[in-house]
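Once you scroll down, you'll see the structures, which are given as structure tokens.
Next come two complexes built around subunit A: one with subunit B, the other with subunit C.
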Partner chain A sequence: MTRGPLFHEQTARQRIAAVVDRGSFDELLPPPERLTSPYLAQLGIPVSFDDGVVIGRARIGGKKVYLAAQVGQFVGGAVGEIHGAKLTGLFKAAARDRVPCVLIVESGGVRLHEGSAGEIAIAETMRAIFECRALKVPTIAVIGTDIGAYGGIGILSTCCDFRVMTEHGRLGISGPIVIEKWMGKKAYDSSNRALVWKTSGGKTKYLLGDAEALVHDDAGAVREAIGKLLAKSSPVTLKNVKARQKDLEKRLKRFGKTGDPDDVWKGMGVRDVARASLASGPEFAAMAKAGRR
Partner chain B sequence: MKTQSPRALLGKLFGASAKGIAIENSLLTGYAKVGGKDVCVIGTCNGTYIGNASALRLAAQVIECIERRPRTPIVMLVDSAGQEPNRADEMLGLASYFGHLLGCLELARRKGHRLITIATGKAVGGAFLCYGMFADRIYALESASVGLMPIAAMSAVTKIPAPVLQKLSKTMPSLEFGAKPFALLGGVEEVWPASGDLQARLAKAIATATVDDNRAALGKKRGGRKLALDIRNRVLAQSAK
Partner chain C sequence: MEKFTKAFPSKPLKTTAGKPWALAGVVGSGNLEVLVERGGRPSDAMECHIETSIPGYKASWLAALADFAHHYPAGGTKVTINDQGAPPVLVTLRLRQAYDHLVKGSK
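Moving on to the complex of A and B:
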């Protein structure tokens, strides 16, 4: 079987082109508008005409969507004032037009070079995401690269109705290097890649229920997963938040004493940890499901 | 400046009714009165880190308030140095625990609870994003440490010399750390002097709060965040065509 390039190896624009219906993408505030960060310019750091995020509208399986993809190669996909305002505007447009909104995440969080402006922008985007959710307009975060979803963008991703992950994707707040610096190498060895991925990678997040889909590292698979979620929503109701509270309490009670991700894997139905480590996302999901029976 | 005990600060904000607020592991939960009316209080003190268990505890309080005390305003006090920098918490989904707390607050907002934040001490990073910055209106004590991070820390991570950032921060308040520059960005509605009548200020804050997010407009008006509102509006205009 022939495959296209791996999703995690693609650029933001390639990911969009591969996920949406052919030729359907219409970029908003495209690079010719040259919206560049005045902060980076002042600091003598290269700027980008899209400020590290591509936004627009498209169709997936014939259905209208709003879509954003962060550009990891540009200051780690981090959120500055313009980048953040583009995201806020996009989710607000999605709420206004009752059109689902998909965010292809690749960001370490707030762009430090722009200070607090990026932090506030993330908070504003969170408000806009919840505007969508109140209207049952689906919001979907796709997390499929090692830059992943960290810092404020990690939190923001959990505000969306659904998360689609690949095994390459990582979701968290503090990254391994930061934790190692604070707590020491004994507490978290950031060079131990297996540990890093078992801590924050797609497989563990999927097992715990923090990602709704774990798919192949392939744009076609991501597109299919998005397509399945476009007609669904996860409304913020009292019943739902109470169920979530119970679920998170249970998780903490069950695994709060262990620091070992293998205990979590085994507890969630993975019988052969070594084999599961090498399995693809969908194989892994199937193994865990079989183990829970 | 002199640091005051959490109890002393609660007394200033809620008078005698502050006794209804429990302090446990530097987490604040309970009910008090402002201007004779009930409020629910959640928050942090002593600059504590917020981990999974803390986020769940605060979420439980919000859910209880929604169920038992409909439409009661929720006052969020923030004095936290950040998210728990801990691998085990990350592994179990710290971001998801924070997202859940935000979901509970959103439900409260939709059900008619006004949400007011007061940054009382440290209000930085994920600890501010996971509840305080999600309020209808956000206030800060003058002495509070509000913002992404101090310039020294920003310099250490970005490798840009501190004097360069210091100089730039004079014209770019986003780079400066503190309640006042944060207010210039629209991130804080108003900075409160520690000496004033905090109870009266809080009562007025609750009475005047609305659910619209006015921060980008404020940031533009105050000149600290000039681009955000216009860019957002351009997206809205282009997408309407």
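Moving on to the complex of A and C:
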């Protein structure tokens, strides 16, 4: 089976071009506008024309969407003042125009060089996301890169209605190296890739219900998954929030003490851990569904 | 940080088709981003604005840019570069990529 370039290897602009209807992307605040970070130069760090995030309007399967893609190679896709303001504005526009909003994530969270500005920007973006959700405007986070979604962006991703992940994607709050620094190498070895992906990778997140779709590492598959979610929304009601809280309490009770991520997989109904480890995203999703029955 | 601006003589851009601007590369370690825009003046010079995190290599920059302006008809373009320590070969490669996107309109 021949495939196009892998989603996690593409650049932010390539990802957008591959996910949307051909030629439909209209970039807002493009590089010639030179909306760059006002802080980085003081620290001797070069700026980027788009401050690490590409935003704009496009169509997916003929449907209008607002779309953002983070540039992981620029300071780890971290959110500074401008980057965050672009995200906030995009989700606000989505709420105003009642148009679904898709965020292709590749970020370690707040840009520490502009700490407070980044924190505030992420909080404002979350507020804008909840504005969308209150209006039943779908918000979707796509997490399919090695950098993944951590820190503030990890939280922000979970604020969206839905998450589309690939096996490569990782979702969490503290990154593996941060956990190791605080808890020690014995508790969490960040160089153990199997451990890292089994605790925060796409497969585990899908298994636990933190991601709604687990797809191939391919822009076409991501596009298809987004297309299926564009007409849906997940309302924030007291009932839903309480049910979710109960789920999380149950999860903590069942798996809170375990030191082996395989126990979580087995506990969630994965019968053959070795086979599941080697399975592709969609194969794994099918196995997980079978295990739930 | 080091910043400098210079215009290099170059034959005028041939096509008016293609895109108004093009971007190549990304600001990452050992990499750079090059933004090429139409509408620079005069039409027989390539106007360059460089910002680099590695000071002390102005001579190499000027040589690489002058060489590009000499070999490609890039007159009437404005080139803006954000650099994080890219080697000269990569500078040339990114210039060519951005230039190709600009004149051919490809992604």
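Simple rule for what comes next: the second predicted complex is superposed on the first by the 293 of 293 C-alpha atoms of A that agree within 3 Å, B and C clash if a C-alpha of one lies under 4 Å from a C-alpha of the other, contacts with A are read in each partner's own complex, and residues count from 1 in each chain.
Methods note: a contact is a pair of C-beta atoms (placed from the backbone, for glycine too) under 8 Å apart; a residue touches a chain by one contact, two chains touch by 3 or more.
Keep in mind it's a predicted model, so treat the numbers as computed, not measured.
Considering only the touch criterion stated at the top, classify A:Thr145 as touching first (subunit B), second (subunit C), both, or neither.
neither
Who wins on subunit A residues touched, subunit B or subunit C?
Counted on subunit A, the partner with more touching residues turns out to be B.
Going by the contact rule set out at the top, does A:Phe255 touch subunit B (first), subunit C (second), both, or neither?
first
Under the stated touch criterion, which partner chain does A:Val71 make contact with: subunit B (first), subunit C (second), both, or neither?
second
Applying the document's definition of touch, where does A:Ser107 land relative to subunit B and subunit C: first, second, both, or neither?
After superposition on chain A, A:Ser107 lies in contact with neither partner.
According to the stated criteria, A:Gln10 is in contact with first (subunit B), second (subunit C), both, or neither; which is it?
neither
Name the contact category of A:Val264: first (subunit B only), second (subunit C only), both, or neither.
In the superposition, A:Val264 contacts subunit B only.
Is A:Gln245 touching the first partner subunit B, the second partner subunit C, both, or neither of them?
Touch status of A:Gln245: first partner only.
Sort out for me which residues of subunit C touch subunit A in the complex.
Spelled out, the residues of subunit C in touch with subunit A are 1, 20-21, 23, 26-28, 31, 33, 35, 37, 51-53, 80, 82-84, 107.
Help me check something: in the complex, which residues belonging to subunit B touch subunit A?
52-53, 56, 59-60, 63, 66-67, 83, 85-88, 90-100, 102-104, 106-107, 110, 125-126, 128-130, 133-134, 146-149, 154, 157-158, 160, 164, 168-169, 172, 174-177, 181-182, 185-187, 213, 215-216, 219, 225, 227-236, 238-240
So in the complex, which bits of subunit A are touching subunit C?
Residue positions touching the partner: 11, 13-14, 17, 30-32, 34, 41, 44-49, 71, 73-74.
Enumerate the contact residues on subunit A facing subunit B in the complex.
The contact residues of subunit A facing subunit B are 28-29, 35, 38-39, 42-43, 55, 57, 66, 81-82, 84-86, 88-90, 92-93, 96-97, 110, 112-124, 126-127, 130, 133-134, 149, 151-152, 154-155, 157-159, 171-174, 176, 178-179, 182-183, 187-188, 198-200, 204-205, 208, 210, 236-238, 241-242, 244-245, 248-249, 251-252, 255-256, 258-259, 261, 264.
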